[in-house]
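The same subunit A turns up in both complexes below, where it pairs with subunit B and then with subunit C.
Take a look at the complex of A and B:
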């Protein structure tokens, strides 16, 4: 049923693909996941078919009814496909132009320039984001995604897109949500296939719909899950407050100094095996690569060969590097309150409002005051596309 | 324990509002039971040398000298911490000996810079209590699939209590990132039919499963135990075998005997 439009789209897609490395611009299956879960070719194909039916292609995105409340279809069209300009000031193919070289056509974080970045560009498919205002296990709000596009991630390769119009950023945020939902659904379908269905029982659009419904609800629910960071009465430059924060930082109540070093000066990373640790994405990659060493599954062996090498992450020094998640006291408060999702940095606050916590809010504010007193924060750079250069990278 | 209480717990496991659901049907009589399932997991080859752990910078960890527990093999070859669980036809509707249905609280503690126990089994709705008996800070980073994941700081003497409400398809990893060599696993199931092999490799799934077809999964430290020969066939890629359980007294186990694992399985770790 999609036959005709797909072959027509195919040639456009191919042109678009050449912007991000030549090859047909199709959404790529999460081969590492499919193969490590031992999916059969038929199971993978069924999943691909369902995803195509629901989400379309990079050149011709589709938006299921279910997502109309979350995503504007016109925004997808502006971001999808090749870069063209019909009328002055309106550019199409925004994602291919500004993002795909790093985040990949599929949003897998494996664009042509990604391999050399540390951290790697975000793999949206997992549905986990670091720089956000919500409780740790919740998705970001739409406004969090806007903030990331405006600010970029200083100190990582993610540039600021403040030079784009608000309209364009709106469209790109919708496209990020679209790619994320597609990736989240793919993961659910893979795991459903192996955990709950018999091998010969293949997924269909009907199987996928309830999963998609609950995934999309989680996106509309986020405003409810924003961490309240109302400012304390105290002045954050108050010497007593900073001293209290410093004490907490070095105490066994928080463990901050164990990851960030005395006075936040950092530890020499990865000197000993005990320091080597990984974020969520690289932990999974590492586990799959380990499993691939003892497997006789040719598909997994092939996928492992093409996988990015997992890179350790660690608690950086806090004295000179830029705050990736922003410098405002409120956002810093939330980062300490909930930790940083997807990373090893743990939460001090409760899992949900009113539940028990490791530290009280005033204690967390004292830590904010101390951390702010350490930080030399530069203004975020104005590297709006297309003029940004390859950005700063930290390589171990 | 009263029939009423039993059914409440079972309904809770099914995720059905416990208070009103199907008490009458439940009281009509339980389906026929199978006995316990027993066996022993054995490494069919030389016992591997335990690896040394780097205990990091914390004095108390250096003193505690935690050892690598990812491959615990007894002198007689028994493999500890293999997790075995049953699945298949409607296990959650099954009655069992009353003591199995009593909800309990499970403590996962940090002691000597190691998690204790290595593997925690609990049923959906039960409580997991996190404690820290060490003089150093730990954090507890748990990545679940059906329950919300969390990563919390745990100061010395601290105690956090969480309820895990959803059954998981397999054990979830627990890490401490301040001491990345630490590792534990938590398996949440809807029913009590799961077990962990002990230091000598023995395991026993409790009596009370329905007689008839069920599936058993064998899993160890993040991996399904594939290709293990058993009297009911070789485990598949996802560590599973199918079993037909006979009707039996609780005192008559279904014996799987010695399940021998090729040591090459662990070679690349």
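Take a look at the complex of A and C:
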């Protein structure tokens, strides 16, 4: 349940802010990270100064030269600041208008409405995204971000933004990349301060630039890291393929039924509190909450009090619900191949080309056929999407 | 008071027109908040440098959606403002009682304030002014309802009572009827704070607003249902049915608004409760399973941001709140009224709420033709 005292304090702050005109929105430091890593106030302040120098503010964002290949500056300007139109039909402040109430001004997934959402909105700052076509540890492609914007996430609060113009969606995607890079750099700087610098040695823009260059390159390389099947899409209504998939689903090798239940019914009758799984974001919250109970670090205790309550992850029931990341066969193939980044859903294929894997591509297709046969999703296609079939055949 | 002037049907007709136009104005205003179109026109009182009334209608009518509704809101608001001035002139020239003239002045003051709030919301691009603007609109709507009640040319017209005419005590039921408008208006303000929460606000602050809104919804629902029940027992079945129907509709819209915008909260997700229940209560599974299969949030497609369904539900929830306020005010106006029989309730079926019932029935067929007034009870 929600803590009224925390709510009351926040509300008083909000009312006070409103009385003085709400004030400009600011990027918030990753307080959980800073406090859990034991940063001093001076170290945190130095990191904030560097981030301000490089990325600017929500109202006046900056784009360093080395990010120009990744992000269009005009798109950034279009998404930043307050919502306003200076000519008919051209809206500025797109991020504030469409995203910030859930994902937060900083992209920390802690916007005002986030607490009551299930699942919590995505925290961009780690650079970890669930619904993507790339290898597990890789960033998503720009196209993946577009797909989520266009389609939304079934069962979650993330809506489809298909009514926005392509230009507006392009701008929003660029802004999400901008916020992600900012969060990634903040994390790198925190780790650098803790692991490599002496306590009195503070980070500077010069320290940060090589890190930022490396992070930026990772975003431009994502198209190379898209997962493709080594064979064309299978006939997913083939009874033999489905039977093979069912056997794999219930095998020890894949362990699918342990989380998704027998026949994908989502029942996990033997789950106890100690067996519950948490995703990457909730694991961090749990660890910090646990640490805060035994520490006398007031900063960590305060950060833990403000943190969202961690929630366990459950294996999705597969018989009645829409898949959050999409129902298309090629999407399911990739999800089974690489698992879901940031969650305990494991990869069944190799984590990089050429590495060993639990299952071969034909076996993964058999699992796809079985999972497709369980769901209420659209009828499985014999041929899949023409685009995927063509691209799959090009893969040696 | 002159007899000829007192018999004029125009105050009543004018009040009706004003009330009838204010409701769609509130609806469009809510639509602007829902679609965050408040800054689609960055200047005020003009529109992109044009005089408001001279802005090219083709650009407005066939232009972007947010421009269409924002400029349309301004045009409709201007019409309502002019009508309010006209109504004040009419009630003064018709020799209406002082209370009615005072009400018309209050309406004019409110509409001027409302226009200024809307203007400064744009000029300062201040979201908190949008909140105040959104909270003042229903107040003006309530005053127009009072004007309709006060200008009704029947022996039971519902004029605000003078001090000497006021009933000395109210029954328990009377108290509930009297406080219902205040409760509904408080709930409207709480709803407005939810809708206008700044992006930079904290999640815990928003949570408090949600809890306050839900708690007040429960209070309003209980009081309104008791009022509706007592009305039914008093033989005002139509009034009771209307109040209950609007209340039930509003609560349903509130739930639908939440699901449309945020989907199911964690504790209400049947797929989660299904799995969680498996740990301790396996016998509950079949029942939960059935619920999950029918209502699981995952079985529905994601909403479309700015889509017709979401926009309509959210805006309707905002507008029907104002309608509930109008009904509550209309009914409360029947308490401390002067009908020529100080301290007594108006005759059955002749109060302002009944008037509101008639409003919904006659809106499609134009302003009603008032019966000829036989006498002015307060003259």
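The rule is simple: the second predicted complex is superposed on the first by the 342 of 396 C-alpha atoms of A that agree within 3 Å, B and C clash if a C-alpha of one lies under 4 Å from a C-alpha of the other, contacts with A are read in each partner's own complex, and residues count from 1 in each chain.
What we mean here is this: a residue touches a chain if its C-beta (ideal position, glycine included) is under 8 Å from a C-beta of that chain, and two chains touch if they have at least 3 such contacts.
Please read all numbers here as calculations on a predicted model, not as lab measurements.
Touch criterion met: A:348 reaches subunit B, while subunit C stays clear of it. Within the superposed three-chain model, A:137 lies in touch with subunit B and out of touch with subunit C [touch as defined at top].
In the superposition on chain A, contact of A:26 is made with subunit C only, not with subunit B. Of the two partner chains placed around the shared chain by superposition, subunit C is the only one that A:306 touches, whereas subunit B remains out of contact. Once the two structures are overlaid, the count of subunit A residues touched is higher for C than for its counterpart among subunit B and subunit C.
Once chain A of one complex is fitted onto chain A of the other, the partner contacts of A:194 are limited to subunit B, with no touch recorded for subunit C.
Residue overlap on subunit A between the subunit B contacts of one complex and the subunit C contacts of the other covers 272. Across the complex, subunit A meets subunit C through its residues 2-4, 6-11, 13-14, 17-18, 21-23, 25-26, 82-89, 91, 96-98, 100-101, 104-105, 110-118, 151-164, 266-269, 271-272, 306, 308, 311, 314-317, 320-322, 324, 376. Of all residues in subunit A, only 38, 136-137, 191, 194-196, 252-255, 258-259, 272-277, 280, 283, 287, 290-291, 293-294, 297, 339, 344-348, 351, 356, 358-359 touch subunit B in the complex they form. By the touch criterion given at the top, residues 36, 38-42, 48, 59, 63-64, 66-67, 125-128, 131, 197-211, 261-266, 269, 271-272, 274-276, 278-279, 282, 285, 292-293, 296-307, 310 of subunit C touch subunit A in their complex. Partner subunit A is touched in their complex by these residues of subunit B: 53-58, 135-141, 143, 145, 148-156, 158, 160-162, 169-170, 175, 177-181, 222-223, 237-238, 264-265, 267-269.
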